[in-house]
Amino acid sequence: MEITYDKNAQEILSTIKSFARKSSLWVIAYGTGCGAIEIPPTMTSRYDAERFGIRGSATPRQADVLLITGYLAVKTLKRVIRTYEQMQDPKYVIAFGSCTINGGMYWDSYNTIKLLDKYIPVDVYINGCMPRPEAVIQGFIKLQELIMNKKAEGAAKYKENLEWYRENQRKIIHNWRMPEYNW
Amino acid sequence: MQNNLELENKIAEKIKIAFQTAEVQVQRKQRIKVNLNEDLVHPFLTFAKNTLSYKHLSHISCVDWIEDNQFELVYILLSYDSLVQIIAKTRINREKAEFPTARNYWPQVETYEREIHELYGINFVGNDHLVDFVLEDWEDLPPMRRDFDTVKYSQEHFFNRPGREDAQDVRKTVTKHSGEELPDLAKIYSVRN
Amino acid sequence: MVEIMISIPVIFVTIFVGAILTYLIKLIMPKVEAYFALLVSAATSYMAFALPKTESIYKFNLGSFNLMWGNNEYSHLFAMLVAVLGFFVVLYSMDFMAGKVNLGFYYFNLLVSIGSMLGIVYSQDFLSLFIFWEIMTWSSFMLVIYAQDEKFSVGIKYFVFSAIGAYLLLTALVILYTNSGSFLLEDNINNFIYLSSQNQILVIIFLIIGFGVKAAMMPFHVWAPDAYKAAPSSFTALFSGALSKMGIFGIGLVLFKFAIQNTDYFTYFQFALAWLGGITALLSTFYAVFQTDAKKLLAYSSIGQLGYIIVGLAVGTPLSIMSALLLTILHGAFKAMLFMSAGAVYYRTGLLDMNETRGLIRKMPLTFLTALMGIITVAGVPPLGGFVSKWMLYEALIQSNYYFLVIIIFVASTAAFLYLYRFIFSLFLGQEEKEFENVKEVPIKMIIPMLLLAGFTLAVGVVPGFVLEQISKAMGYLGIQTPNWENSVLFSNWENSSVNLMSVATSIGILFVLGAIFLTIKNYRSTRYVTTKDIHTSGEVPTENENLTFAVNFYQPFERSLGSVIKPSIDRIFNLIGKNIESAADYLRYIYTGNGQTYAMYVILFFVVLILFADLMFGFKF
Amino acid sequence: MDSFWMKILGFVITPLVAFAVGVTYGGIVRKITARIQNRVGPPIYQNLLDITKLYSKKTAVNHGVMQHLGPVFAITASVTSLFFVPVLRDSSFWFNLSFDGDLIFLLYMMVFGSLGMALGAGQTGNPNSAIGVSRGLALMVGYEIPFVLSLVALMIQFQTTSIHGLLAVQDTFSSWIIFQSPFATIAGILAFLGMMHYAPFDVPFAPAEVASGPASEFGGKYLALMMTSGSIFTFVKLVLFVNIYFGGAEDLLTLILKTFILYMIPVLTGIVNPRYRTEQAIQFFWKWPTVFGIIAILIVVL
């Protein structure tokens, strides 16, 4: 029993959905690196991200946005992948600082990854070491634009190219004891 | 200031009397350095804990003396009575890196030994909890050993952003563009000079 | 044709001879005895149902005593409870007890206890009541010590308390007999007024304590948690559900047939009994919160619920008595459900410790459903039956003058949520562990009684009329004016204070179905099931053996908050009561030598003392 | 026939109004909180956006049937309680089923949803959920005592257990129960603080301690349904309290004014307060609120 909508109605509906999604971004509070310290000023009185509907959430099940705040050790990456997979679709990733882009000052570390988007799909990068709260909010607004234009399809990309991502992940996480991601 | 070192000297004297082979040196106020033979470390720890009331072990550290083919273990002890730190050092063989655990004196030693085991590959005999600490599932050479090439490892294992695959020292590029001379210290410590 | 056959002696012959035959059959043909026991109890239950309520009177003489058995509306209410529960428990036992030792012994005692309970309710004279009472005590004692291992002291504790109760009962009976010269209930009721006021009070107190011991009324509850735990779960269902109700049966009889005649002191009795019931309810609820053993938790809960019933009876307004009798029936149903589901978990896992069991919901869904409906009923949440009795009790308490008692009852029933959630959470919810991987749902013979009882609680919650009808008739026998009741509307005396259960149930039902349909249809395909290991643990992947269930010290904050206010005093009271009574009981235990001749001597001695006592105190000459 | 359809219309309209009011109040609270913290704050329809977004989530996971049904229990309880509360005083359109139940029924009906949620949260197997539930239940025992004391005082005083009965004695402004029996009102309002689970009594849902407690494994449509039910439930509690203590309301405007003022009590308390630990919260309720409740009963009795 497939319900078919009028095309216009469908469009309106999907616009409403996109609008709701963009206006209500719940961020999973996962402080991975030094960038985590930039989040409190972003959220509190000085910069007040809540005026854009950005709010912290306690668990990945409720969250929409995974904020990778800085360098990722291999051990942390494993937890990040786990957290990302526990989030509910649609979900977005914002990567934070140069460490996630090219390794940053940890470019030669034996234990930190240098390219985040080889492991999980990143929708928006925020440059800087560390980015200021203004830059963080700018990143969120960029993400909102992408959502409104239906271009923030990281989760779909992940689902499509799961094999490729898995291969990359398994390359550095040797002892793979993760539950299967069955989407 | 010299007359203020009475306490330190007194403790140093006691150590000298008990351990005659030990090199005892009062480095500055509140710090005594003790160099010990490998087999005297445990008697010394017992002595410090029971006789000198060094109830607290702050840290265990390790130095890789690859030139001497030795590891140096550093035990940092603190007494709450005198507030004088004792830094007890010993050297062990690098090839057969084994040392008896000090977990029996201070339970928290377990964590420090786990860390040293992971980063230097020293096996602490008697500590049965030398499991993964910071590095999960590490299969390579222990990374803090000086013969471990971290750049090579990272290039082999992690992806590089195109444009940074040369992974050159930033300072070199900076000096090239600005025409300034690279500082001497930087020359020494730069990874690829 | 059939109707001629059904009379009280036939029932007794059926069940007692059936019990003996069961025992013999076990000796000859093992594995058949369970079916035979089922047959016997089914026949008994059928006859108890079909027994005419008023005409079936059977008179006979035993020595010089006129004795009488008969059925009336009040008896019929309890007889139905016993018959239904007895049949269900036998049905449940068939699988639950399969493979255990001494099954002949078990079924013999089970049937005898069912028979003796029927005997108690059908007795129209005190002598046969007392004899059946003792048979009941003895058979239940046998089942408490049935599982031999170290439970003998528990059994002894139970027996000693029962004996104290029985002696007090007997003393009261003798006083009554000296007054009326007859054991017949009717004669005693009519002649009660001629007793001296002092003796009236004595008789009432003795009778209430004697019956109250079985109802586990505080401070005579000490035996209950251990005995309930020691007995096999199948029997505990009957023990808590029906056997303890015999105490309520007696108390109801005493209060409204005897005590009410003593107009001077009746209000004091009511007051004392009501507060005793209230405190029983409150303290045992708090105690249940901190139990770790599922059956002990239910045992304390049972004591608490009987506290409510006693409150209801003692307050003595029509509404409160109706609520008490309804709760009596309901408690039989839901406590049997809960004990049966705890027993089902024990049957499959061998565990009752709530710190160890977990995550059985998907393995035992029907048992979970039973337990769920059981706890909703106990909690008194609509639309199940518990709400009906709770509502009546509160209305009755508020409308009579027990203002602070209603607070105590309210607090007790709110605190009951704590232990109820603990019970269902620890057994069925939480992490699904690998050690319970092979657990299956219990056999159908155990499921059927549980689900039928659950259906009964639902029916009572929506259309309580069919039970209220019988209850109001029973109240008519007790001589109490029946409150207003309709099939599915609850009334109290105050204007507008009514609850239309039908519209409640309709509203809940429709909304629930709508909500469920909405939630299930919406993105049905993208809803997926994940295991309980796949939870938010800050990104950590839990290992197989990692214990993620929060079970130990479940109510620590609550315990801490009680800490400064009540907990020490509860402990102190319980220790004082418990220790003293237990040590006294221990001392009494030496009386029980295990030698039949000494017992005979005790009985003779007891009668001698009684005669002397009666002679000195009441001027009665034999 | 006409009145039948009006009744059906009432059943449809009332939950919608309750939802709208509850959601808007939630947004206003966020705005007020933001202003007090010197922030701009989200728009007042932010909660509606949140709920819409949660409904539009593409996926949802559950750990079994009980978790699936937990939110259904919650919405059933809140809407059913709503039907049994007279929303406006004299307008039969808003009465719904309120003649078919009384206060004691409502007290128990309100627990139904929490029970379902607790069971659903229990099935997720998340220790945080169980801790949250344990805290919530313990807290409930705390605030239930003053609340019941207050209600019993009123029931005895006015000889009724129905809300209509209590409304009937509050015809004029001066006969509001807050003026007739102030002690009962104080006890009731203090219990109300706990009932709304705003700080300092938000320990069951503390996001930083137990990862939002019972809700920690609920996402997508489940969370959306929970939030919907929560909004309706807020409205139910507010209307109930307005009806009991503040004389009810004749029209929607008055109702909104009164409920809003009442709602501000826990909200404003919450903004400036830290969090009590469970035992501190329970002991808070067992001290002054209980004393006020007992005084209220004693005044009535003596």
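A, B, C and D label the chains in the order they appear, each numbered from 1.
Everything below uses one rule, namely that contacts are C-beta pairs under 8 Å (C-beta built on N, C-alpha and C of every residue); 3 or more make two chains touch, one makes a residue touch a chain.
The shown structure was predicted, so the numbers you read here are calculated from the model rather than taken from an experiment.
Chain D has the Cα centre that lies closest to the mean of all protein Cα atoms in view. The distance from the centre of chain A to the centre of chain B, each centre being the mean of the chain's C-alpha atoms, comes to 39 Å.
Between the Cα centres of chain B and chain D there is a gap of 60 Å.
With centres taken as mean Cα positions, chain D sits 35 Å from chain A. If you average the Cα atoms of chain A and of chain C, the two centres end up 58 Å apart. Across the assembly, chain D contributes 58-61, 211, 216-217, 220 as residues in contact with two or more other chains.
Touching two or more other chains at once are residues 59, 61, 78, 89, 183 of chain A. Not a single residue position of chain B touches two or more of the other chains. Chains that are in contact with each other form these pairs: A-B, A-C, A-D, C-D. Every residue of chain C that touches chain D in the complex is listed here, in rising order: 359, 361-362, 365, 368, 372, 376, 379-382, 387, 390-391, 394-395, 398, 403-404, 406-407, 410-411, 414-415, 417-418, 421, 424-425, 429-432, 492, 494-500, 503-504, 507-508, 511-512, 515-516, 518-520, 522-523, 526-537, 548-551, 554-555, 557-558, 560-561, 563-565.
The part of chain A that touches chain D in the complex is made up of residues 16-17, 19-21, 23-24, 26, 44-45, 48, 50-53, 55-59, 61-62, 64, 87-90, 183.
For chain D in complex with chain A, the residues that touch the partner chain are 30, 34, 37-42, 46, 49-50, 52-53, 56-61, 207-208, 211-212, 215-220, 223.
For chain C in complex with chain A, the residues that touch the partner chain are 526, 528, 530-531, 533-534, 536, 538-541, 543.
Residues 73-75, 78, 101-103, 107-115, 118, 168, 171-175 of chain A touch chain B in their complex.
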